[in-house]
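Look for subunit A in each of the two complexes below; its partner is subunit B in the first and subunit C in the second.
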Partner chain A sequence: MMIDLGTSAAWTPLVAAAGPAGLAMTYNTLVVLAGVAAVGFAAGVAGTLALLRRRPLVGDAAAHATLLGVGTAFLLTGRRDLPTLLAGALVSAVAAVGVLVLLRRIARTRDDAATAIVIGVSFGAGLAVVAGITARGLPGSAGLEQFLLGHTAALTARDALLLAAASLGVVVLVAVALKEAVLVAFDAAFAAASGWPVGLIDAALVSLVALMVVVGLPAAGAVLVTALVVIPPVAARQWTNRVGPMLLLAGLFGLAAAVAGVLLSTLRPGLATGPLVVLAAAAICFVSFVVAPERGWLARRLGEADRRRRWTRGRVLGECFALCGDDAATGFERALVIDRAAGDSGSLRRDAGRAWHQLVREGVLERATLRAGGRDFGQESVARGAAVRGAMPQAGRDRWRLSSAGLVQARERRRRIGAWRDVLDAAVENGRDALTLDLPAPEEVLEGVVLAPLAAAWQSAPRAAEDTR
Partner chain B sequence: MSLAVGAVLVADAGLAFHGWSMATAAAVSAACALVGSFLVVRRMSLLGDAIAHAVLPGIAVAVLAGGRLGGPLVLVGAVAAGLVTVWLTRALHAAVGLAEDAGAGVVFTSLFALGVVIVTLCAAQIDLDPQCVLFGILELAAFDLVSLGPLLGSSVGPVLVPRAFLTASAVLGLVTATLLGTWRLQVFTAFDPAAARAAGLPVAALTILLLGTTAVATVAAFEAVGAVLVVAMLVVPAATAELLVHRMPHVAALAVALAMVAACLGWAAAWWLNTSAAGMMAVVLGGFYGLAVALAPGEGFVARAATRLGLAWRVAREDWLARIWRAGEEAGGAGEVTRPRPRSLLERAVAGWLEWTGVVVLHRGMVRLSAPGVREAETVVRSHRLWEAWLGRHAELPLDHLHPPAEWLEHHLGAAMRERIEAEMAVGEADPHGREIPPESGARP
Partner chain C sequence: MTAAAAPILEFHDVTVAYGRRPVLWNIDLAIAEPCLFGVIGPNGAGKSTLLKAALGLVPVVGGYVRYFGAPLAGVRGRVGYVPQRETVDWDFPVSVMDVVLMGTYGRLGWLRRPGRRERELARRCLDRVGLGDLAERQIGRLSGGQQQRVFLARALAQEADLYLFDEPLAGVDVRSQEHIFQVLAAIRDEGKLVVVVHHDLRTAAEWFDRVALIDMRLVATGPTADVLTPDNLRRTYAGRVELLEELGRAVAERGRTP
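And then the complex of A and B:
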């Protein structure tokens, strides 16, 4: 059976399935939604390149200038179909970027001030043109101010297809020029030295963003369309360190934000799309800031806590080792270890207490009991009398010692610190200052060439126990 | 022209209406321009833009909580929102390592969107029109009057003043007092923050004070010109003034003056063209800036182009005179030679000018130098040959490489330099090509 996809009847089951409860979805709404989704995706992709090139706000001047183009295009042609108005917007956006580049060359104004001037003056001019048109009540002029904050309700399926086609074009361009753009973004000086036309690639990037700003105009409006280019890439950056996934994620975030904004705006008449699209993007961005792995706030806090735990554990272990003097049989008191590990700091004392418990759970520390048969408590020590009796457990007192596994761990820790001390002394001025972390063994990190001269010294003179805490 | 516009305005709607509107706009613009001078110098123009956008949710929430535009509650809400923007941007930088411009881009667009949504959703409850958020309501400001009678005493009678003007004046006073009170500290911080910190100045507090002041100025401007155009009021006057004068007090004063003039002109133009006053004020400011970029003394591109053109003219003139002089020398000291063929449009113009002013005498296709022309030409040729001599002596250049550098330098060698070079040479010595070096002008008997 052939299904004619062009008629709305064929879409009805799909429309019914896709429409959220309470939303009457027509064929037109669906097409508009698809078009806006494409715009969101392309804006995220183009914005990613701008963010990587460290020019996140390059589209802002272009965005504010679009209003002037929209108004002038209407004034000159008297038509208010989307292609005409967007063509005008594109001309003025490119002109604004051109003026910005020109100002940098001929005027002594700082870059940020020049950008602000182009934003303010071009938007003022646009406002004057649009307000003048509206005040004169020119036929068909109603609705021009929809380009201020975005308004997708008035879009037709044809308009949406135009937007989708332009977005597709931008994505294809990015895909074609990705290698060059990434090269320039990460190392412009190297790219220039290798003979790439950096200026040309930069200009292409700016044009791409300007085009995206214009295409995003119906969805987000002149004032807020910058956000469509900036926020999704910033959110995507939180999740990955690779360009490919970042492009894809930024595109998907932009798509989700655009669709969510358009759907939300249908909930209540009179609500502009732009702010809702931006708020949806901001929500995605906020969630990314909090929960993204590695770069997210939560991951950072957890990682910090973990590093602190490891550091305190090592410190407590070192104190135990120092107190027992590399002797499995010598016991020590918990309170003394905590005191020495924490000093006066209350928070450090809490951490040290936790680290102690962890060490006990791991079996690194064990209670020194009479059953153990070590030197403290065995026949030998009793025979040795008073000299040893001072170290014997009193009834009810808290006495601990390192287990054999713990002793191995503590010796390895001492060896690592000592080895690092030598490495840093040999290689780095003031290197000892770095010795505050719980470090891996130097052999795991450094090359043999660095360690070779030290190895002989280590062989001949084992390190003293007392300075390796 | 301006008189005609004024007459039209007065006849059209009455002096008081236009007077109060212009006064309100001027006060708002002055406050913004004063703050903006510091923002521009401190490279915080875009942060000012971000604050201007982001105060919207603060204002909306304050109005929802019962404040009214121009009231203290709204002022507090706006300043709080402005500082939250700055804090959020910095916090994002510290917490997740986001670059500050990208962070500002995220924060201010989000806050502005939030504000627009609040204003739209609660339009019924609050006295804040979504249109006003973008356009400002300067056109309506003159109709919302309050009486100053109780303040001034009953003897004066009811003095009616627009509420917006009172707000704008209060804000202008507050901004002026704050910035004048900390003027020297702000200037020090603006121009050398590192030294200011080293000198023990509370740089962070001063920055927060500046940004808070920006938020305050923004609130007043917001009511008059709308959120988006505040950036024009903040940045353009200061950037224009910076092109024209160079000392901070002058920049600030000129920026304020320009802003007030632009406010009045913008209002008049908007009335005349029947369009948005806020938009026209920004356009007039943009026109001022464009004029400054073009015409600033010494730095404008017109001035620089004039300097370059003047230099090109002098070089062409000297070359032309020297060519005639050399042609005469080759012809064995003949005064009259065939008129050389001009090699460029500029040289054609120069030749015409010299003949018209009588420096070169043209007679039946032959040209002859007048006495001043001879002196000028001899100075150039003398510079040329002296420099060739100097190069031949010191730079060890081959003989055929001496001419091009001398051709460059002949126009720039001063009398003192010529004298020093001549002092190195033997009396009556010729240049390396064996040609006579003419004496300093006037020395020839």
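And then the complex of A and C:
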């Protein structure tokens, strides 16, 4: 079709000035880069509000409609300077968003269906118009297709300043109306009940996104500019739980993606910027998904593994304690403890095995044979093991007991479990929220809890003894 | 009627419909005195719709609502609203404090940001609902009862004279329930009207001064003990609750002590 970006003779081309290596920075290149950076920042900021309002696809509808505006503006005026074409794009983008809102209200369609209709129809119309212009070979029509995929190499310094000014305007608008936008995004019903014009605020928000999409056209193109609005906020959300930092981060991510895309596109003449910008944004997003603290995949996996490890350690300790008796007089076998802690679940047995080694390293467990002479600590556990596994273990081997420090730990653990059960039974205020897998001491995390009667209660009536291991 | 004699809240022949089916039908209801007022009825009875209609959040087919004898537009600042908890995304990146501060936005108006006065007010409201320690926590990390109390604190920060609560006790543990009811009663004791959409008959009998039984139409309204009779409950819950007889008796016995 017409995506032959090598023949871009539209606006004063800067490809030559930038050089094939793209490193020979002229004044013009620097200004363009700064303009695109501003666009990226503003796109991330405006996109954050759209995402929080759960309207991430509004930008997509607006973006796909821009081609129609660009083509029509060229047909009507015969001019192809950036301000004229972008003005056309803005009209069609806002119109598309308006149609979207009307479809939602009048036709009572679902949001996603309405968005799909607007995207398809407006983009189709835009392609038809541009194709018609190109086919007729109207003078100077060659630049239009660059709006499809973005091509910053053709920007002049004046164009870039225009884009930067518009971006600055968007950022200022967001900063000024942030309170209202966040209120509506979080709880529209409450906002409406408090007298805020939710419809108007929403209209302003989608118009802002439409404007941002138009401003982003030269950098990313109609098909991909929406990614510049959506991806940076999604990446930013991974790193923070507050709107302010999220706005700033999304802006910076957008800026980085835009600048990276533009720089990469100067490596080869004729390389479209849009795909590179989007790929850069996607890379930032992917990294965020993986390594962000708390929400990131890695942090969640590590946290999960850590929780499993700690939980199993406690469970194994509890089994040892149950086998050795309150005075630690009896020894026990590793195999039996693992059996009781993990049953026949393979992964759980592995975890329990690791927990056992950890307990040994910590000095919680020690070999029963270390105690010179006296009783055979293994007898009882051997008998129990036989009962549990239905097979006679080899007597005399693998006998362990809790060290004195381990005994203290195990006793404390059992005390806490009992105390927490009492806390839950008595529905102590905030009790449910204070209990964590780490099993903190209830009297430390719950103010004003009187545990004494509770402790007495579980000692005198050790209900559900199986569970207190 | 003089302004002083106007009811605090008055529904006049309010009718709401989705399509041709009425959800609320011919509701006439006037609440003259500050009190803890329960709107009781089965699921789908239109209780929440009643509040939304009062606030102009759903279109009415007919009828009107007056606050202090005036339309809502003139007195919005005096009316506080607490939507159902499930209506918002609790993964939203704001802290508890941020949400409570939103209660002050109505008074602040456009563009002005909350300052020290608002922060101090929000903190007092958080203390009142027992969440003073959690001001900086992200709202997603709260229990259901705590989330509901955040909404309650946001309503308190509105400093309204009349409060409309939509199911503030749904999905809330017993402890939080007690706490929330105490705060609601405290608001009432400040001479304000507190209207609560509620589903649980037992706690209703215990806490509300007056109630309205609603099932599409207004079945009965008045002092709680007078309204929650087996006969009225049968007409409200007709065929929907099997244990109705038993429930009605339990409620009648427990009628709120003065």
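Keep in mind that, in the parts below, the second predicted complex is superposed on the first by the 368 of 469 C-alpha atoms of A that agree within 3 Å, B and C clash if a C-alpha of one lies under 4 Å from a C-alpha of the other, contacts with A are read in each partner's own complex, and residues count from 1 in each chain.
Going forward, a contact is a pair of C-beta atoms (placed from the backbone, for glycine too) under 8 Å apart; a residue touches a chain by one contact, two chains touch by 3 or more.
Fair warning: this is a prediction, and the values are worked out from it, not measured in the lab.
Visitor: Identify the partner contact of A:L103: answer first if only subunit B is touched, second if only subunit C is, both if each is, neither if none is.
Guide: First partner only, subunit B.
Visitor: Taking the superposition as given, does A:A93 touch the first partner, subunit B, the second, subunit C, both, or neither?
Guide: In the superposed model, A:A93 contacts neither subunit B nor subunit C.
Visitor: Per the contact definition in the header, classify A:D187: touching subunit B only (first), subunit C only (second), both, or neither.
Guide: second
Visitor: With the two complexes superposed on chain A, say which partner A:R54 touches: subunit B (first), subunit C (second), both, or neither.
Guide: both
Visitor: Determine, under the contact definition given at the top, whether A:A219 touches first (subunit B), second (subunit C), both, or neither.
Guide: In the superposition, A:A219 contacts neither subunit B nor subunit C.
Visitor: Residues of subunit A touched by subunit B versus by subunit C: which partner has the larger set?
Guide: The partner making contact with more of subunit A's residues is B.
Visitor: Touch check for A:G296: first (subunit B), second (subunit C), both, or neither?
Guide: first
Visitor: What is the contact status of A:A73 with respect to subunit B (first) and subunit C (second): first, second, both, or neither?
Guide: Touch partners of A:A73: none, neither subunit B nor subunit C.
Visitor: Per the contact definition in the header, classify A:A113: touching subunit B only (first), subunit C only (second), both, or neither.
Guide: first
Visitor: Quick check on the output: what are the common subunit A residues between the subunit B footprint and the subunit C footprint?
Guide: In subunit A, residues 54, 237 are touched by subunit B and also by subunit C.
Visitor: Could you list, by residue number, the parts of subunit B that touch subunit A in their complex?
Guide: Answer in residue numbers: 40, 43-46, 48-49, 92, 95-99, 101-106, 109-110, 112-114, 116-117, 120-121, 131, 134-135, 226, 228-229, 231-236, 238-239, 242-243, 270, 273-276, 278-283, 285-286, 289, 293, 299, 301.
Visitor: Under the stated contact criterion, what part of subunit A meets subunit C in this complex?
Guide: So the residues of subunit A in touch with subunit C come to 52, 54, 176-177, 179-180, 182-183, 185-187, 189-190, 192-196, 237, 240-243, 246, 427, 429-430, 432-433.
Visitor: What residues of subunit C sit close enough to touch subunit A in their complex?
Guide: So the residues of subunit C touching subunit A come out as 52, 55-57, 73, 76-77, 79, 81-83, 87-89, 92-95, 98-99, 102, 105-106, 108, 110-111, 113-114, 138, 140, 143, 146, 154, 158, 164, 173-175.
Visitor: Residue numbers of subunit A touching subunit B in their complex, please.
Guide: 51, 54, 56-57, 60, 64, 103, 106-110, 112-117, 119-121, 123-132, 135-136, 145, 148-149, 223-224, 226-227, 230-231, 234, 237-238, 268, 270-272, 274-279, 281-282, 285, 289, 295-297, 300
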